[in-house]
Amino acid sequence: MSSSPFDLPYDLDIAWCPGCGNFAIIKILKQALENAGIEPRKLVLVSGIGQAAKMPQYLQCHYFNGLHGRSLPVATAVKACNPELCVIAESGDGCTYGEGGNHFLHTIRRNPDIVNLVHNNMIYGLTKGQGAPTTMKGMKTSIQLKGYALEPFNPLAAALAMGAGFVARVSSGDAAQATTVIEQALAYPGYALVDIFHPCISFNKLNTFRWYREHTDSLEDHDETDLESAMTRAMQTEPYRLGVFYRQAKPTFRERSHAYDTDDSPLCRRDIDPAKLADLLGNYRIPTG
Amino acid sequence: MSSSPFDLPYDLDIAWCPGCGNFAIIKILKQALENAGIEPRKLVLVSGIGQAAKMPQYLQCHYFNGLHGRSLPVATAVKACNPELCVIAESGDGCTYGEGGNHFLHTIRRNPDIVNLVHNNMIYGLTKGQGAPTTMKGMKTSIQLKGYALEPFNPLAAALAMGAGFVARVSSGDAAQATTVIEQALAYPGYALVDIFHPCISFNKLNTFRWYREHTDSLEDHDETDLESAMTRAMQTEPYRLGVFYRQAKPTFRERSHAYDTDDSPLCRRDIDPAKLADLLGNYRIPTG
Amino acid sequence: MKPITFPDEVAVLISGEAGQGLNTMEAFLCHIIRRHGLCVFASKEIMSRIRGGLNTTLLRISKQPTAAFRRTPDLLVSMRSGGLKRLDERLCEKTVILYDPRMESAAPRGNGIPIDMKEIARDAGGKLYVGISICGILCALLGIPEEASRHEVEAFFKDKQPQENLAAFTAGYARGRKPDLLHSLNVALQPGPRVAGRLMMSGSQAVGLGALAGGCNFIASYPMSPSTGVLTFLAQQADAFGLLVEQAEDEIAAINMSLGAWYTGARAMVTTSGGGFALMEEGVSLAGITETPCVIHLAQRPGPGTGLPTRTEQGDLNLALYAGHGDFPRIIYAPGSVKQAFNVTRKAFMMADRYQIPVFVLTDQFLMESSWLEDNLSYDGKIPERYLVESEQDYQRYAVNDSGISPRAVPGSGQGWVRVDSDEHDERGEITEDFNVRVLQVDKRMRKAEGLEENDDDITLIGGSDGDIMLVTWGSNYGLGQELATRLINPSVSCLHFSRVYPVPQKGLDILRKAKTVIAIENNYTGQFGALLCAAGIHVQDRILQYNGLPFAVEDVYRSLQQKINGGAR
Amino acid sequence: MKPITFPDEVAVLISGEAGQGLNTMEAFLCHIIRRHGLCVFASKEIMSRIRGGLNTTLLRISKQPTAAFRRTPDLLVSMRSGGLKRLDERLCEKTVILYDPRMESAAPRGNGIPIDMKEIARDAGGKLYVGISICGILCALLGIPEEASRHEVEAFFKDKQPQENLAAFTAGYARGRKPDLLHSLNVALQPGPRVAGRLMMSGSQAVGLGALAGGCNFIASYPMSPSTGVLTFLAQQADAFGLLVEQAEDEIAAINMSLGAWYTGARAMVTTSGGGFALMEEGVSLAGITETPCVIHLAQRPGPGTGLPTRTEQGDLNLALYAGHGDFPRIIYAPGSVKQAFNVTRKAFMMADRYQIPVFVLTDQFLMESSWLEDNLSYDGKIPERYLVESEQDYQRYAVNDSGISPRAVPGSGQGWVRVDSDEHDERGEITEDFNVRVLQVDKRMRKAEGLEENDDDITLIGGSDGDIMLVTWGSNYGLGQELATRLINPSVSCLHFSRVYPVPQKGLDILRKAKTVIAIENNYTGQFGALLCAAGIHVQDRILQYNGLPFAVEDVYRSLQQKINGGAR
């Protein structure tokens, strides 16, 4: 691997299984960050818990490795309080769409200017192979012995239904496309979802490198600004389409929150104005005479 | 009001504001239940917390009035454990789509045979008028002083994206249509979402009886089995369409859970077979000789 | 009939339904009576509904300030049918009752004075104006000059039907001067100048103002009674003070957002009640291991479950104390007055920032929604200190040191990396599975608990420390203890109030260790703070507990203390 | 060199990386050694990863059963580079070390015996088979006859590469008979007949089996180490026993589903760990106010936050004890053996159903994932009683009575209405705001706490009750206390183990009140159970606490007790 500003300057024992799709993703991510010209010292990776969520540990960057399912609220606040930072929320499919499903819905509605990378291996990796919301019907797991039976969660369709402005899917097997798409997500001003297909070689024997190659294909003749068509394609399965499904500028959380309407300085550096507070206290005073 | 088998045999002080849309909904519900031939003693209403969630108190039926946001998991389990019961999960827009958003997503994926009635007044009523997920952009509230700013939550589109098999919207102002649709929801074998537009006269000064009349219209020339068209219409706003957007048979949670594959008796009445357990214990015994 | 005289205090209870404007009446009466130069303490008791039902507001009007609830009013005004029946238990033979004979099936026992409520506001505009007419009656009875009153009405209602309100008020005032009222009631309260210049506010406002003083610039929360007032207050101040106020999708999002905000150096708060807080506990534990500061305003209401959503209790002390899995330090403040509410909320931000721990402000419905009078809040106008460092190249977020407080840097300023981890981590913030590093980090975190600064105002002693009986109160029972200690002087009764309940201030324990008889007064079933005192080796001889959803009535506690003291004889 | 002799016990520690088959080795060795007639207790210590890292399995092989962890093995087998370094602290001069010189930079200090691990399984099929070769070596050393061993291998691996495994085992067995090994180690353990017929199982299996015996027919949970084993076990039994097993979207859904299930008369359980349980607390409070039974299996791991996800601790007692806002009764069991795990889980269903309260089974990673040996579980084969009534026309779900236990009916059977409410409610289950009804219902609920039945087996006294020192243990430290009490006889040391920790059994308190010196042994930082005992008036003189993520090593505690007893002298 060629050197990157995001390489750690020391060796670290990486906790992923040798051969896991996560190794491809870290390469892709570093490249995309470099292409997008992100300064490592301005980068904050926010993650939940799971194999994917270990990603921040392996990059030279700031990070907040929080709770299972809770990367998005943390990431939203980090960006809101310091807009100078580049904020990525990165976690697994179980973490983001399972435990964190409610935040997924409502973060999209807020539209903070963050990138949401979801390692979608269609399984719970770290807890050893239970079904995830994206697990395919019929797959047998240690809990779903007769095969996973729920409707698979369609993150792209859900995001579009919530009004997301940047919705994409890539595969760790196609590094070139994945890098470009993530780069674009980083450039997009608002919430950008990139669902990343990748194989869990330890627990998902169905969705292998090969399966992903054979069951995916790039979006073609697709107008990224056409919501209806984006939705139709998001609902398609065979092949699963890869690329940017939808891109549309929308007001971000910064504007919606009004916190920067009259003051550009990052919230995290704002001080209270004691004179104003003293004035306000005066309003509660019982007037004399 | 003509008498109904669901009338309580005593007077109860109803905690809703005089003139509230909820009064129309209770009438509609009683009528739909009667039309559908539901036996009161087989009916369980499960609700969360909010003004809408008080509904079960005012009907002659069994009920489980649980926590804010948590009606769906309770309802799913009640139906799963005793399929002989008719189970309705009924609550407000805040309860179902806000606090309970994650259950909304995943209950749909499970497809239990329940009806989900959501009183959508586009506001938090019981807590005195904060924005709800369905609140319209620009509406001013006690917390959103400059106007509610998030993308409104589109429950129909979300449900369709999750693979729901029965998706409908009605308005408390059109009792005839609402009654028919709820009756159909009761007849549908699987999760049936009925989002019910209704005015909160105390806190929502925008979405009044009149507003609903002027901004809604029935679905016309619509094929209920066409998912794409259902989605397109669900995304439309002016006018908001009313009626059944989508109807499609799907395997229910009963089948997906396999709990009734070989035994028809309700889970809640099953006893353990001690002989089987003794056998199983034997498997852990270190063989002699 | 000899007129009933109220020389020191008159407690007025107004009963009506939601939607009849009790809140406006309370606000207006508090305002005008205080302007007039009398003290008022107002507390309300409301049903969980928007219209209808039966709510009450209690106004204790007096020369000396009071700050506790009373069960039995001197004067009851019943504005809606059913009020007399519901409140029967709270009345005594002396209570004077203004009621509408058309609304009640029977005349009240005792001193009923019929008032034709429908009639009184008819000319002014009908039943919407009954409330303000009643205000007129009360002002007349309190001897507030008519002319001055009318000015106040005009000012108060200048954007809300000023004419109608004035007319209704005037009609009421006239009614109040009629002989049946004037001659049977003699409110001999002489106003004084000492009320002017004081502050009047609710607990919600005080917590909100304290948050501003503490440098709060971010609040994410989910509405829940009785904590929502703080969110609303801060929303109103957002523009002026540059705050971000966000309504979260749920409480889990709220606490996690607040941790994200603190991580960047912002100062965040969440406001919630027991059930909502239960959902935040995993987040509190995250704050514990990541050593991210956090400030939690927990306004209590009676549980379990949804319980009594609009009422009061002190049942969540244990919840706050043991919230979150694993062991980590925390502080719990429990203010008992608006001054304390302002000060401890402000201090909560400071302590959270300084020690990088979760700090609780534990209040309740009674504190939040009552209208209090306060000399001043002693705001010194200082900009809150920021306990942050600029990171160096080799910065270690979790550096082990003597105090246990590793210097905190934020991303985007300095040369180092700010790595924060919910897994056990080494000094750099990287995940570790090394048993020794684990122990070092646990010890480091727990070391902070030993050094937590105590302040003189964490406790308040009312009366001497060598009396016969020491009452212990915490949180919103401050005023109660004060009043009891002042009234019960033989045998000598003192009161020790804790505005910090955890860690229990050493100074407080010292006083209690020397006390002869300790009686803990708490608004919960099990006596949660008393148990904490027991664990600290204090012998708590007796407890006065209540859990019906109401605040303690001062006369109830007075009576039960009398009984305890005199062995039942009065 | 004189051979090292192990007359009573040999503790074998196997170190390897995730993916090298340690679990299979453990299972196979436990099986074959027990078949051979020796006792084995096996516990593991694993990293939070799927491949790589360094994990260990400890096998205590002995004539008499043991059930505690040991820090220092007699024999270490290191299957991966780095193992020797990492485990250095756990070795002593006497430890014999089997290692691969090609994988280690330095020979181990002490009794190293080089083994060419790559070579040994080469012919059988390469490095995948190293583990089974090692098993061959160990079987040879333990004197398990070759012929019998080979049969066991064939049976055990009949669906998993039987030929390769047999070849590798045989090669290992041959290596084990080489003089360098045979002559330096003398494992003089004579097998006996008493192991045959006993039960071997993990804590997860025991809890799962207990749930079945308790009539569990519904489980909804979200995976979380170390609680997932119970979910997996029940999934495997779903078909045979007619259970519904559902993986919930989160822990909040899980607990609410379980309450829905109980509401219908089904018997549900949730299984989770601290962080997941924190999310369930509002649901526990809902169970409290609605008086819906519920059974919660909480398998502890070290916190706060994500902490050390695959390791062990007893840090969540307070969490369970104070979970949920408001006051309501509950029971917490904390089993210390698989027999207790089976029995208390079974009983948890009974008690939950009978008293309509939440009942906890508090375990930990050590209990869940170790392989235990048990005489029998004394299963009586009784179908669990159902504490349900058929409702009459005028049925009242929350009827107030002396016991506080209102007869519970379910919807769909009987003539009455089953109304369950999370708001405070009247006897019918309808929302109330009546203060008196509130008090009646709180009192009714709390009354149940007084009548909770205690059982003899809630505590176990090992040794006499009049000894010099009384050790107190709870939960998974049962075997530890047992071993200590057996070994430390002068001065006389007894041990009192609590398998129910709340309410603390009266019988246990009685014993402790009479004890001379009480020492509480807990695997957490603050000594949470000790604090409960203190609150009950017990003087706990000393505590032995640990919080590094490992179970207590029996020799560590032995040593520190010796020191306490002899004032430092040995």
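Note that the chains are named A, B, C and D in the order they appear, and that numbering of residues resets to 1 at the start of each chain.
In this section, contacts are C-beta pairs under 8 Å (C-beta built on N, C-alpha and C of every residue); 3 or more make two chains touch, one makes a residue touch a chain.
Everything quoted here is computed from the prediction, not taken from an experiment.
Among the pairs A-C and B-C, the greater number of C-beta contacts is found at A-C.
Of all chains, the one whose Cα centroid sits at the greatest distance from that of chain A is C. Chain C and chain D have centres, each the mean of its CA atoms, that are 45 Å apart. Averaging Cα coordinates per chain places chain B and chain D 41 Å apart. The geometric centre of chain B is 37 Å away from that of chain C, both derived from CA atoms. Counting partner chains per residue, chain C shows two or more touched chains at residues 47-48, 53, 238-239, 245, 249-250, 252, 275, 282, 286, 290, 305-306, 309, 422-423, 431. For chain A, residues touching at least two other chains, in rising order: 15, 49, 67, 98-99, 101-102, 105-106, 110, 133, 257-258.
Contacts from chain D toward chain A in the complex involve residues 19, 47-53, 222-225, 228, 231-232, 235-236, 238, 245, 247, 249-250, 275, 305-306, 309. Residues 47-48, 53, 252, 273-275, 277-279, 281-282, 285-286, 288-290, 302-309, 311, 313, 315-316, 318-319, 321-328, 422-424, 431, 433, 435-436, 438-439, 442, 446, 524-526, 531, 534-535, 547-550 of chain D are the ones that touch chain C when the two sit in their complex. Chain C makes touch with chain A in their complex at residues 34-35, 195-201, 205, 209, 212-213, 215, 217-218, 220, 237-246, 248-250, 252-254, 256-261, 263-266, 268, 282-283, 286, 290, 377, 379, 381-384, 410-412, 415, 417-423, 429-431.
Considering their complex, residues 12, 15, 41-42, 44, 46, 49, 54, 56-57, 60-67, 70, 72-78, 80-82, 84-85, 102-103, 105-106, 110, 257-259, 261-263, 266-278, 280-281, 284-289 of chain B touch chain D. Here chain A touches chain B in the complex through residues 98-102, 105-106, 108-111, 133, 146, 149-154, 157-158, 160-163, 227-228, 231-232, 235, 250-251, 255-258, going by the rule given at the top.
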